[in-house]
Amino acid sequence: MNFIQNDLVTKLQTNERYPLTDEHPHEECGILGICAPGEDVSRLAYFGLYALQHRGQEAAGIAVSDGQKLDMYKDVGLVSRVFNPSNLADLNGFLGIGHVRYSTFGSSMISNVQPFMIDTRFGTIALGHNGNLVNAGKLRRELMENGIGFSSTSDTEVMTMMLAGADGEDWFEHIRSCMRKWQGAYCLVILTRESIYAVRDPWGFRPLSTGKLPGKGHAVASESGALRTLGCTAIREVQPGEILRLSGEDLTIRQGIPPAEPAALCIFENVYFSRPDSNWDGMNVHQIRQRLGEQLARETRLTADEVIPVPDSSIPAAIGYARASGIPYNDGFIKNRYIGRTFIEPTDSLRKLGVALKFNVINENVEGKRIILIDDSLVRGNTTGALVGLLKEGGAREVHVCITCPPIRHPCFMGVDMGTYEELLAHNMSEEQIRDMIGADSLYYLSLDGLLKAAGRPTGYCTACYTGNYPIDINGALSKTRFEGSRVSNCG
Amino acid sequence: MNFIQNDLVTKLQTNERYPLTDEHPHEECGILGICAPGEDVSRLAYFGLYALQHRGQEAAGIAVSDGQKLDMYKDVGLVSRVFNPSNLADLNGFLGIGHVRYSTFGSSMISNVQPFMIDTRFGTIALGHNGNLVNAGKLRRELMENGIGFSSTSDTEVMTMMLAGADGEDWFEHIRSCMRKWQGAYCLVILTRESIYAVRDPWGFRPLSTGKLPGKGHAVASESGALRTLGCTAIREVQPGEILRLSGEDLTIRQGIPPAEPAALCIFENVYFSRPDSNWDGMNVHQIRQRLGEQLARETRLTADEVIPVPDSSIPAAIGYARASGIPYNDGFIKNRYIGRTFIEPTDSLRKLGVALKFNVINENVEGKRIILIDDSLVRGNTTGALVGLLKEGGAREVHVCITCPPIRHPCFMGVDMGTYEELLAHNMSEEQIRDMIGADSLYYLSLDGLLKAAGRPTGYCTACYTGNYPIDINGALSKTRFEGSRVSNCG
Amino acid sequence: MNFIQNDLVTKLQTNERYPLTDEHPHEECGILGICAPGEDVSRLAYFGLYALQHRGQEAAGIAVSDGQKLDMYKDVGLVSRVFNPSNLADLNGFLGIGHVRYSTFGSSMISNVQPFMIDTRFGTIALGHNGNLVNAGKLRRELMENGIGFSSTSDTEVMTMMLAGADGEDWFEHIRSCMRKWQGAYCLVILTRESIYAVRDPWGFRPLSTGKLPGKGHAVASESGALRTLGCTAIREVQPGEILRLSGEDLTIRQGIPPAEPAALCIFENVYFSRPDSNWDGMNVHQIRQRLGEQLARETRLTADEVIPVPDSSIPAAIGYARASGIPYNDGFIKNRYIGRTFIEPTDSLRKLGVALKFNVINENVEGKRIILIDDSLVRGNTTGALVGLLKEGGAREVHVCITCPPIRHPCFMGVDMGTYEELLAHNMSEEQIRDMIGADSLYYLSLDGLLKAAGRPTGYCTACYTGNYPIDINGALSKTRFEGSRVSNCG
Amino acid sequence: MNFIQNDLVTKLQTNERYPLTDEHPHEECGILGICAPGEDVSRLAYFGLYALQHRGQEAAGIAVSDGQKLDMYKDVGLVSRVFNPSNLADLNGFLGIGHVRYSTFGSSMISNVQPFMIDTRFGTIALGHNGNLVNAGKLRRELMENGIGFSSTSDTEVMTMMLAGADGEDWFEHIRSCMRKWQGAYCLVILTRESIYAVRDPWGFRPLSTGKLPGKGHAVASESGALRTLGCTAIREVQPGEILRLSGEDLTIRQGIPPAEPAALCIFENVYFSRPDSNWDGMNVHQIRQRLGEQLARETRLTADEVIPVPDSSIPAAIGYARASGIPYNDGFIKNRYIGRTFIEPTDSLRKLGVALKFNVINENVEGKRIILIDDSLVRGNTTGALVGLLKEGGAREVHVCITCPPIRHPCFMGVDMGTYEELLAHNMSEEQIRDMIGADSLYYLSLDGLLKAAGRPTGYCTACYTGNYPIDINGALSKTRFEGSRVSNCG
């Protein structure tokens, strides 16, 4: 969080550093809640988190309750690294919440890893959060003035402490009283001794769905794809402003506070974040992305020999572009998939070869061809430029870069690390300059109208990163960012 | 190695177990050799091995020489786990060889991890091997009768000891005298204090290529894709029976022993093993696989709504099938990509959901559709059956399974773990029985003729796994396998 | 802490379990604070903690400040395991505090490891604590009623939160206002951005000393032995109720609140806890223990052939006993010293051999001899009984057990894990019963008068574990313990 | 091994480096063999190795057989670090051998860790070795000329390969034929599928004892103290040149080759290496050391106030000195006992404080006193000099250093790392120079006659390190050392 002072740092072990080589905007977290009477909830949560891994690769945690007491395990690393048969076996219970986390390097503090678990006057609770409170700094300062100390820089700890001191007779009321004060993006799972509560902010910035487990009970997760991994049926998106309680075999849904008008669903979930097998705002993401490609084909009307995706995220759009344009779809790149925990610096001779360590071109597929390269976003431009270069070295005659959304010109303050104004290419350069920088023969962005048309409806989305029209007042956050030039650290 | 007694076991730590859930045949190893005067060879080798990781995920090792002495680091695990900045920095030199290894579980002994490094009367050598000696058991017994002890069960140690006792005046002659005795598949890299030697067996079972580094010197690797990752140019496949020496800036190529007639290149490298951006027998693998799909389309002439690949290996063939048939290509599955070191058992309720942990169906893409599912091999049938089931649950009207090679009816004794006769589905069942077992509406295999036609030439390939016609006498190996019922453990 | 609810558990990894085979009472923590302008404080703190390791082997942590921001590293394990050159190098600063921790198994929660570091309205602070607040449960409940949540079960977090909300204009006043509310044993080091504050409770239960560093600045530590390891001179014990500030080259000493009358220094520091090279209440501990042995010789007037200590803690007293009695001193036991992190269960055949795994008898030294065995405490009796058995099997003719303090009949509520009433042998058995249980020919305890005489003054010590006369009201703690039967978990 | 080429290095992970701060000569290995029908031999071996840990702290390993097949686990580190419940549980069998290893830093290669396990024409064997073959270099070169390669620099691998190629009808004969060729110090345990063989060289350089287990079967170990930890009775030292077979419940003892005349038992086992509760050459080591002290008192006839040992190894001699002289025994130093895996460099200010990190003086015990400081050896002088300095700073009036053996002037070639001629203080300086260097008021060494008298007999000991009279021809080894100036690396 940009407005939280930064002098509280518990070091990660140095061998736990992660390279930040990806230039995609980073989603900041995935959450999960499962109430499965009679089941071993920790293993269910493990596989559910595994299906949410794309939303955060830096840290993972699971908290469970057996109806009597809460227990938790969390650490930095991928889900498959954090958990093993032994520590999962120690997490006994039928109620569980889970969290995967992404954050920028500066804030990769072990003390920020979620869930957060505290003893309160209402009993012990654990909390997982996806999003970003715009007014977290103000709320944190108020609590500190009241004599409360904070052991992390996370807005999630602020939310947890507010719940510990909340008014009301029951958890629905505690949560509701806090929702009235929270400004920003938040999807929460809250574990108590007997129940799980799930909350979505009134704007609906981030996704959250619920479903019925194949056995007894229900689950909530950031994405329906994770619910389907758990075998859920009767999947339904949680609506903006709703509070759910999962308790025994029961699912209770209440309107916590009224939904904002209009809603402000993050359209970048469609473009990049969500799994293609998830639904978002009632539509399947793979199909939306195909439509983005189709729309882009209609807007660009390019002549070429092949449509090639940047793997893996742009494949659906490339399929759509190829279908709408009639230009054949093909692979142009092979991606090295084996993920490591340690970052080895390339030698100088390898550095000159650029992204070849992550991508190899299939020369035979591109040689002498006019290529349409489909990518889903262009933030800092390094990777795209290198890919264009690889295609040209591989013998491509022309390379036309088509981006499946408009230029990103504004930072996000609702839980996505887009970078600062300084870092945003499209904030600082014209499309011609960008085209030249990346060495493409032409560069096209999908229009905002085309994007909204493909997404399925003209309003109800947050498009601030394209337009600068933020759905809520982000003055505090914005000015801070400008003054301090620091990265947004949030999502808890 | 199936014929080597099995009572010599140095245990892996139990947290290093890997799940064997994939039903693909397993390639057994990738090798690499780099002579780069003036360069930090260990980091080059690291990135080269990273590009060969698909050929072996169980263990990795690098041995280097600075012209004075050899040094080595190896361990079980992925390349990115075995190596870190610290242990790479300790490996100083400009000559280096590397190895990635796959093996069946029973033989995942730390003592079998490569390279092997020994002191000999000719000086210290290190050796990396991809392949399988058919007569390793006989050779090992002969050496043991001469009073030699073995600290591993690997045929690579047999080869290493034979080199230590070989005749001849120089390493070309030492190697040549051994090649006369070695029966089977072998590609070798041999590191001495001053040079690297690379060897390919006279049948040419496994691939090996060499190229010129962007700076000084040369490299060899199992696949040209790895050479391209290193920025190599002037890439050339090592020919059957050749011995190469990389020394300073020089590359020396000699015919070690005459090539076998006809050659016996493993056709499964085309079908499954090699990276799509590698070349094999002069052709690009991605393009061969597209032709496999095109040929399959011509042979099957099915009517359907969509062509769907099993990701990732069947994508090129599915692109080819779609092009040749005119039926649209689409994604049907999302694959979970985050690889873990620890295997967590699914709960019972998840187990019933089958492969959903690894694959989710995109229901919206398959609902009500007639699907052609492209897969590159069908060995034991579990995964394919589960995928067909997922498509049907997702609403697919018809599922037609098309395999891009003929039925695999015979084990491989040249370095690939296909399984035993008992395990090979097509050895024990008719195509109709298999079709019913996997729940497909129809099942098609590419014909052997079609396979060879797509591969580009009618002879020179080993097709023993389809036909049982082994290019060399495997009686010893075969009978042993039958008697002992044990898995082939080799490639070292 | 016994009165803090126990349903908040972050699991340790299972391979971090420590065997609790020692039957000595357990000291609960050592603290350290160093202000060393121009020095690398983290390495100084490392060696200082290493010298305090005997006070807590379960966990260790260091927090530092460079005058601008605080940084911290802590983990479970011995000091030498928690810290390595890399994580120490990341802790930059000239101000540092450190902590080593012991706790009973049930409370070995990672969230309880110290120091605690939080952001407050007064800036960031880190805190290390040795002791136990008797009224922590009441204070914690009050804070929770005010809406504060707690992420650990430690009384240290309670103290930290109280400091965050304390009154007063500066840290002297903040601390003083809290001291007025804290009942029990506490020595604290508090790190702020610019200074270190050290605090000792008005009863003086636990030791704390300060000294001048050989370079610039000062240090405080639980024991003077640790200060001497750091090369300190001008060592002075912090007096009950004092607050010290270490800042730049200055040491400021103030009386925080008036000292209690009489003082209540823990006499068990003399008997067992403190290093023999430390001073306690103005006297050297090794010499006090020699006097305990001398006094015991005078009280027992036994006839025997050899005086043998239970190594290592009873050696000084055995030297004193031998001197006063004229009976020769000798070794009777060899102690296995190599400490492991993992507890391997003995086989049944080994289990029958008792403590032989930790101690071997030197038969030749005890055969046919009448032995006086000196031990410093006898809490549960298992080890002493086994040692007597080993001596007898080794051929000893008589074994007379002499304990250098009176029978321990009451639990400690000021930070020492003596065990519950149920566990305390002397609370439940007569001396004759104990003598028979441990198989000794006779059993002697030092008298309380003798103990106080050897310690050097008749009042000013807490002797509650012998007498049940607690120097402060422990009703709350006591009743809780009785009702819940649970172990004391404290010292943070 | 000094004569084995050094270009074969498999790196240890860098965090496994051990500081070499101790100036004692280093014992090089302990061995163990257990045949315990019906027992879990791996746990027995674990506790047996734990009792031998003082003989080697660098690496440990256990190999077992269940009568059908052999299995092994070994790694660098202390016994308690190498083994855990999981890897011990994987080692099933009733026959087991174990090894702990010390070696100089340069040779701490993972490939040298023992036991060595190999497949031979006689079946699989595993071997553990304590000692050093003087002619290992020659034997290794002969084997290499015969075409054998070596994967380590250890003389143990040479011995293993010689056994693999040995003549004879059974293992007694195989071993006997090798003993005829082996020159130097060796105690061996050899595990086959059905039995354990134990061997001691004809000179008897290193100790080896056998005993009857409390259940069925027998054990052998380097020291009787380890056998007593296992509860053994009927303990007997293995005689020079003997071969033992442990098989089922049977113990078979044969004379392998005739014992050398005279024997050459290492007298330094008495002085320093062996546990005080072990027997060596029929006498208890603690009592021998007491006699060393008594003899030294008679030879020196000093007047002083206190006798102080360098803990822990000089305690028995100090007790003896005090008894014979009538001067009171006391502690002067407190030793920090918590052993770490990682070596943290002291700060400059700490470095000036010298050994204070490992030892603190108890000032109150030495102030104004005339001190006799008992030490068991003085090799390089750094530690002794620092201890004298600490005593003087602590206020000692006089410090008289008494060493319990003669000056060490010659390197050992039979398995002990004494250092080279260049490093041996007494080879290069007069006693007066040494006395001045260490700052003592006087310096006394025990006479060779006095040493032999205290040891109990005038011949049969190797005293080469004092006299230079080597019991076997070490010309090869000696000249090599002089030419290469390298450390002896052996014991395997």
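First chain written, first letter: the chains are A, B, C and D, and each begins at residue 1.
As a convention for this text, a residue touches a chain if its C-beta (ideal position, glycine included) is under 8 Å from a C-beta of that chain, and two chains touch if they have at least 3 such contacts.
As the structure is a computational prediction, the values presented were derived from the model and not from experiment.
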Inset, instruction - Work out the mean Cα position per chain and let me know which chain is farthest from chain D. - result: A
Legend entry - Separation of chain C from chain D, taking each centre as the mean of its C-alpha atoms, in whole Å: 36
Inset, instruction - Averaged over CA atoms, how far is the centre of chain A from the centre of chain D? Could you give it in whole Å? - result: 60
Inset, instruction - Would you kindly tell me how far, in whole Å, the mean C-alpha position of chain C lies from that of chain A? - result: 48
Inset, instruction - Could you list which residues of chain B touch at least two other chains? - result: none
Inset, instruction - Report the complete set of touching chain pairs. - result: A-B, A-C, B-D, C-D
Inset, instruction - Provide the residue numbers of chain A that touch chain C in the complex, in ascending order. - result: 5-11, 13-14, 68-74, 86-87, 90-91, 116-121, 124-125, 144-151, 153, 160-161, 163-166, 193
Inset, instruction - Give every residue of chain D touching chain C within the complex, in rising order. - result: 15, 39-40, 43-44, 46-47, 50-51, 53, 57, 78-81, 83-85, 88, 213-215, 225, 228-231, 275-277, 284, 286-287, 312, 315-316, 319, 322-323, 328-331, 334, 336-347, 349-350, 352-353, 356-357, 360-365
